[in-house]
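Chain nomenclature is as follows: A, B, C and D, assigned in order of appearance, with residue numbering initiated at 1 for each chain independently.
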Amino acid sequence: MSDNIRKIEGITKESTEALIAETLSVYPEKARKKRAPHLGANDQASGSACVKSNKKTVPGVMSARGCAYAGAKGVVWGPIRDMVHVSHGPVGCGWYSWGTRRNMMSGITGVTNFAMQFTSDFQEKDIVYGGDKKLKTLLEEAHELFPLAKGISVLSECPVGLIGDDINSVAKSSAKDLDIPIIPCNCEGFRGVSQSLGHHISNDTIRDYIIGTREYAEPESPYDIALIGEYNIGGDAWSTKPLLEECGLNVKSVWTGDGELEKIAATHKVKLNVIHCYRSMNYMCKVMEEKFGIPWIELNFFGPTKIKQSLRALAELFDDNIKEKVEAVIAKYDPIMQSIIEEYKPRLDGKKVMLLVGGLRPRHTIGAYEDLGMDCVGSGYEFAHTDDYDRTAPEMPDATVVYDDPSEYEFEKFADALKPDLVGSGIKEKYVFQKMGIPFRQMHSWDYSGPYHGYKGFEVFARDVDMAINSPTWNLVKAPF
Amino acid sequence: MSDNIRKIEGITKESTEALIAETLSVYPEKARKKRAPHLGANDQASGSACVKSNKKTVPGVMSARGCAYAGAKGVVWGPIRDMVHVSHGPVGCGWYSWGTRRNMMSGITGVTNFAMQFTSDFQEKDIVYGGDKKLKTLLEEAHELFPLAKGISVLSECPVGLIGDDINSVAKSSAKDLDIPIIPCNCEGFRGVSQSLGHHISNDTIRDYIIGTREYAEPESPYDIALIGEYNIGGDAWSTKPLLEECGLNVKSVWTGDGELEKIAATHKVKLNVIHCYRSMNYMCKVMEEKFGIPWIELNFFGPTKIKQSLRALAELFDDNIKEKVEAVIAKYDPIMQSIIEEYKPRLDGKKVMLLVGGLRPRHTIGAYEDLGMDCVGSGYEFAHTDDYDRTAPEMPDATVVYDDPSEYEFEKFADALKPDLVGSGIKEKYVFQKMGIPFRQMHSWDYSGPYHGYKGFEVFARDVDMAINSPTWNLVKAPF
Amino acid sequence: MSNLLGLEVKKIVETTPEEIERVKEWINTEEYKEKNFARQALVINPVHACQPLGAQLAAHGFEGTLPFVHGSQGCASYYRSTLNRHFREPAPAVSDSMTEDGAVFGGQNNLHEGLENANAIYKPKMIAVFTSCMPEVIGDDLTAFIKNAKQKNCVPKDMPVPFANTPSFNGTHIHGYDSMLVSILQTLTEGKQIEGRCTGKLNLIAGCDFNTGDYREYKRILKEFGIPYTMLADISDTFDSPCDGSYHIYAGGTKLEDAADSINGKATIAIGPYSTPKSFGWIKDNYSGKHVTMPMPMGIAKTDDFIMKVAELFGKEVPASLKNERGRAVDAITDSHQYMHGKKFAVYGDPDYLMGYVSFLLEMGAHPHHILCSRGSKKVEKELQALLDGSMYGKGCKIYMNKDLWHLRSLLMTDPVDAVIGDSHGKFAARDAGIPLFRFGFPVFDRVNKHRYPLIGYQGVVNMVTEICNKFIDIKDETCEDRQFELMR
Amino acid sequence: MSNLLGLEVKKIVETTPEEIERVKEWINTEEYKEKNFARQALVINPVHACQPLGAQLAAHGFEGTLPFVHGSQGCASYYRSTLNRHFREPAPAVSDSMTEDGAVFGGQNNLHEGLENANAIYKPKMIAVFTSCMPEVIGDDLTAFIKNAKQKNCVPKDMPVPFANTPSFNGTHIHGYDSMLVSILQTLTEGKQIEGRCTGKLNLIAGCDFNTGDYREYKRILKEFGIPYTMLADISDTFDSPCDGSYHIYAGGTKLEDAADSINGKATIAIGPYSTPKSFGWIKDNYSGKHVTMPMPMGIAKTDDFIMKVAELFGKEVPASLKNERGRAVDAITDSHQYMHGKKFAVYGDPDYLMGYVSFLLEMGAHPHHILCSRGSKKVEKELQALLDGSMYGKGCKIYMNKDLWHLRSLLMTDPVDAVIGDSHGKFAARDAGIPLFRFGFPVFDRVNKHRYPLIGYQGVVNMVTEICNKFIDIKDETCEDRQFELMR
């Protein structure tokens, strides 16, 4: 990351703070007080957070946040392909989160992967009499119909925790009966303030039920690593894993994109954990560090500049063999990346982007936009913590607006004022900005495209950003009459 | 064919003649006089034509007829798959007749078959200065671009004959230069009164330029036959040819469905010509009989009753070996046909059909309808001759109306009066009757279905007739309000 | 601290290719189908969502209305994104973000704070409150909460704040739609009934219909009739709004005063007996004028019924324009019946849609061979059976109540059909079976503009016939051998 | 008597598989393409038909009008069946069945007898005469013939009998359309111009357009404007008529008195500068009011031009309903641009259609990579080039004038694209190239109802975008590997 302070013309601390004040002016006193600390002007030099975060969402403001269940099912567990993931409770939560995250999977659906929707579809009577019996039966049925499933996760929805079911003991007894891992995860949606607690709870569950329960069949090697916080959105892991292998490393397991339960369970045997999404999985990196002495390193696979920095930082942790391979890889891809930049930069130079995503991309993708000549004029997270914002400060140009868990109203106001050429956020925001005639890309799901990670991903990313911004359809938004 | 006279309830000679008279009443004197002899009540017993035929169409009455070019290009020449057929003259004729007859072809288009539209696309200057030079160049180009074409036919359109081009000499000289058969066919649309003369001219051209110019590579056998007047509409020949082979016969060539020039050219070597469409190819059967002493037999491949009769008649011309095979074939297919009849007859019994087709089906398909329990209450041809009508009389129930080259007005009036449950005719008639709420099948093209020939074809025919008549969509034609 | 299940620690063993092959074959067998249909507790790939989703749809159907989820915030995000993906449109809604402490103290504080903020920030004319699981389990008293909210001036006393209990552990989205709708109508019409007054209008409720084209088609038909109408819960402009450079949070919906006055209507038609029973029941007892509930007008016959009912209610002739439209639709089906006749279909979806699919298919001479209803009553089953019994093309067709798409997969693999009609979620089973899926249901996440083409009315018939027949012809063209590849079809 | 060519008699030798393989590969090569493009005389798979076909289309556009082919009867059967297959509708027309003797004595007797019979049997209000090759070659004098016909009372003296010379060896169907149309207008308006009279109407000519949906869409747009109009040569009811149990030979068409009065119109718009130049030229010199010729309104920008021109001519504001429609169409293209952006297309057809395809594709960020025009002038080429030069997405796109579909095949095999836009005849080349064909042109013989969905106007944009994007997604779903098969697209 560049050490000199970047300025954006027309954006000053004052202008940003004025914008924030004006935006909050319509709020009732109490809400304004609550929201104000979550909005700030970036102080790039400080290298530390300019906003408060990971607090309860203010009721009624229209937050983009999800819940703990979403963080557990959608993010951590869902991508593990060889497990049956049961949404335990009413039908909705599982239905809404079915196939809507784009964590891609290998294998044969219903045979070796289970990208389906499994639910106990709670009815009134289950609320009244409890769902433990139903759960027990359900686990037997799942095991019978899907014999190759390596395990089953039980992800509780709100009612389960409220009616006092004990899924942990059901899981434990059924696991014995069926002789497969059955992981209970108390990730009710009402827990915590966002998806984030769902990640944490899931990490703890992995710690408690999975890690250390398998061992790799192959002999160990000094180059054994695990790729953590890579969810294979739009095939990201199919870009990053081969890249790391090209660098001479053995990726023994991926957490959890296109993931396999047993390989994850044996991860305590690797020599290094490489983490991409810090927010959702730093917990287990720390656990493995403490418990098994496995060091970990945080990388950024977006855009050639960051990739190059990341690979070299990674190489530093290994011997010359790896260092040489890494340099060879960089030498191989640099010219390809250059030609991509030459194609798209002229059409994108100086364009402005605003971001609101989850726990990683609001900072990690900035470099990739900059590789294309673009400036990030505003960024924020749905569910980040202070350590995320600390990491964000140096990436953002100075004095640009930073927003934590913004309301749709705030986000819209900021865009009104900053006139970005592109907004990168989620499906709930997409059509709001497109109505305003502002090009938009979904940056959770890669907008049905991808991968965006790694060298392979940058080509797709660059093409998509150019397509969004330069699509001639935008010129037709305003009627000539 | 049944020898006892069949009557249709409510149809008498008188009623039919009254219908005809009433229909013609709107015609001007002269037109009425011309048309009257072409409409009649069938005299089944007489076994001879009750109408005049093969006369000039009355101007302005809306005839369904085509022209000599249509008979030559569409019917006789077009189906020969390994030749380039050039529509010589303006662009239209070839364009309209391109892919619209459903004579199917094996091979690779543009390589070994030429189901395409080749034209000299005459312009003003070609009319003024003549098209012979253009034709010569065109033939060279065709030969260069399609080296595997076994020959080229040159089919003249109206202007060619009117401006006095000499395609015959161009064909002759180019044939020498390129060393492939180039067949000139003077089938201008203004010649004759219908498609029929186009058939005749084409037969003569085959006689003059093709027959006898090749010999089969394999040794002769007593079971060598040719299948004449089978155009492979909707794959008919792929039903009849295997059937004849199942009967122990060698089908050395098919005229001209999915046909091959050289096999046709060697047909003078066969032992028997089996003709299906008498109208369009009886000429060459007679030529081959006179010139090469090859007997011929007329068969009917529509519906199990007629097929059985036909195969036995065919067997009579061969030894016991064939006779046994034929009986085995009949024994094999009879039960299958029976089950088809059991499925559909209950839904079709007593239904009435009216026909207006080309030169064969108005009589040949009657038996197939009768196999399904249906009665033909009116039939006619676009371009038949007296010998066709002679053959029709015994097939039609007594006193039913027979129409030669009827106008759309006449056909519509007859249907109005006879209230058929199905009309079988061409695309120009289809939507007229469907607007009237009368089920309809195109009986030139099998209405994008087929085959209808042979045992295989009857199953398709029966299904299609049932579908047309019993489609519930007809119940919705009349609005309840 | 690990391995709480206490299962033995093993070396990793990969499943053998043979074993994978065996299971891959096995799940397509009759034997598997039986085990699959024996399921008691496990639901796999259900077709239905939960009540609040439908409640939000109904709320979006009214002018200036902000849908408000009383419950965990994640719920709202799920409903919104589902509607975003289907319509490719914004779906603004707020939640009051209940959390753990809600379980202890109840959700009143969240509700009040949420109402105050939502009202200040998004300036709605109406806030439609509905519940997700948490408050339903802990038993929040919405009636009291909202009364208190007005006393505390969280929202203006005169602002309509209808609310509906929409527990997710009961019924499906269609029931949530019904509950929210009836609450909105009750709230808006309260005290608005005027002795002797008649608006002269038809009130039309489209039912829980996610196709904006259907709403526009109803309105077009009534325009052809020259009949004034109030379409209740009209989402057509909400979810099919212009892109003109400005974002309007409340893009469409039934005018509140029209909705209020609807109680004085000349007649009310509630489409969708299965998605509007509560609303219709209440209307029957409280609205002036005539009241009718009717199935979705899918197919010619059901459209005829609708047209005739409208004509009858208003004593009007069917206009020539609609007669001609009907004739053109009939022309379309007679001209193309041969491409659908005898084809077997598997259909699934909400009951009101199913009735429409089935009668349309039977009209075309096609067989609704597998009819799968994710959640439905005996009444639904009986009505479906009656449709089948009414046509020779219904013979051999079977109805499967309260089954899911994993059951459907077993049906498709053991008793194949030519195509499936349903929503995007059916694409996996359809792919495994190698047959096309016609996306007439909700949601459609993987095609564009499907919601812009009506399935109801005569135009709907033309749209369905066109899509289905041309797809079958596509398949023929794409799969036939060269010698069968023809210019004409 | 045989073997007149005198070629040697040989034993039959089958072509070897190797040789077939070689040629099969060869026809896909650059080398073959060059030979193919070197053709001087041979035309293979042309895109255009001959003049009389267009003349018949124009004739069908008028009330009670019987198209009458002066020439061989086979011609009439060809034109009729072509229209039957495209519209799946009747196309009544008569011919006077000229034969050999016509070559000697000319066609007057046939014409007279034909007129008398046609008039007596089919009771038309107008008979529109046009010619096929024979009379054109022998030089029949239609003016005299028809004058004589009236003197001989073959037809009533007051019956309009417009006639057009439509030689097939010159121009294409669009020129026949123009010639027939201008003759009809000249005949009907003769002596009808009234000093100072203004109908207050817009005369709209759709051009040689075979899409009935387009005609209805023009009329709907004008209705939204509240502008009275006379659509000249209105085939929409002729070729999209109800199926109601009765056949009406003259199902639609412009009322003759309206056509007659059109000369007193407030303004006239002739769509399709390439299919209506004669008609427009004559109208400009003879009609009252303003006169404008415009391209087909395909795509947003060209529709905007049309809408604004209409507004300007009648001094009206663009109605809100059309503004919203526009906004919804723009919404549809912004929402789905990613499915078309950067895709390469090959397009072919009549000049007026081509202009529309090309500007629509450029609007979507797609590339009209191969633009093939079967018959067209330098002017056409220049206008197409100007469209390409006006967009960064036109870079590298190439125009091929006076080329046929066998040329197109070479282009598709040597310089591949993602899809083809054209008519059914392109299906063979598209199949060989393994890409989809979008049937927006004429004729469509192998799909149903294509002519019922407008391609013009804002709705046309939605229709094209929907068909194209969803087909591309279909292909992705049908061809992707399992791990890429997703719920959302």
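Some observations on this one:
One rule holds in what follows: a contact is a pair of C-beta atoms (placed from the backbone, for glycine too) under 8 Å apart; a residue touches a chain by one contact, two chains touch by 3 or more.
Worth saying up front: this structure is predicted, and the values here are computed from it rather than measured.
Chains making contact with subunit B as well as with subunit D: C. With every chain reduced to the mean of its CA atoms, the largest distance from subunit D is reached by A. Separation between the centroids of subunit A and subunit D, computed from CA atoms only, is 53 Å.
Mean C-alpha position of subunit A lies 69 Å from that of subunit B. Chain centres here are Cα means. That of subunit A falls 31 Å from that of subunit C. Each of the following residues of subunit A touches two or more other chains: 98-100, 108-109, 431, 434-435, 477, 479. Residue positions 85, 88-89, 241, 243-244, 323, 326-327, 330-331, 334-335, 425, 428, 445, 486-489 of subunit C are each in touch with at least two other chains.
Contacts between chains form some other arrangement here, matching none of path, ring, star or all-to-all.
By the touch rule above, subunit B contacts subunit C in their complex via residues 98-100, 102, 104-109, 235, 431, 434-435, 445, 447-449, 463-464, 467-468, 470-474, 476-477, 479-481. Partner subunit A is touched in their complex by these residues of subunit D: 300-301, 304, 307-308, 311, 318, 323, 326-327, 330-331, 333-335, 337-338, 341-342, 362-365, 391-393, 482-484, 486-489.
Contact residues on subunit D toward subunit B in their complex (touch as defined above): 1-7, 9-13, 15, 19-20, 23-24, 27, 32, 35-36, 39-46, 48-50, 52-53, 68, 71-75, 77-82, 84-85, 88-100, 102-103, 110-111, 113-122, 132-134, 137-138, 167-170, 172, 241, 243-248, 406, 409, 425, 428, 445.
On subunit C, the positions that touch subunit D within their shared complex are 85, 88-89, 240-244, 323-324, 326-328, 330-332, 334-336, 339, 424-425, 427-428, 431, 445-449, 452-453, 462, 465-466, 469-470, 473, 477, 485-489. Subunit A makes touch with subunit C in their complex at residues 26-28, 30-31, 56-70, 86, 89-93, 95-100, 108-112, 116-124, 126-127, 134-135, 137-138, 141-142, 144-145, 147-148, 157-159, 162-163, 171-172, 175-176, 179, 181-183, 189-193, 195, 207-217, 262-263, 266, 291, 407-409, 412, 426-428, 430-437, 477-479.
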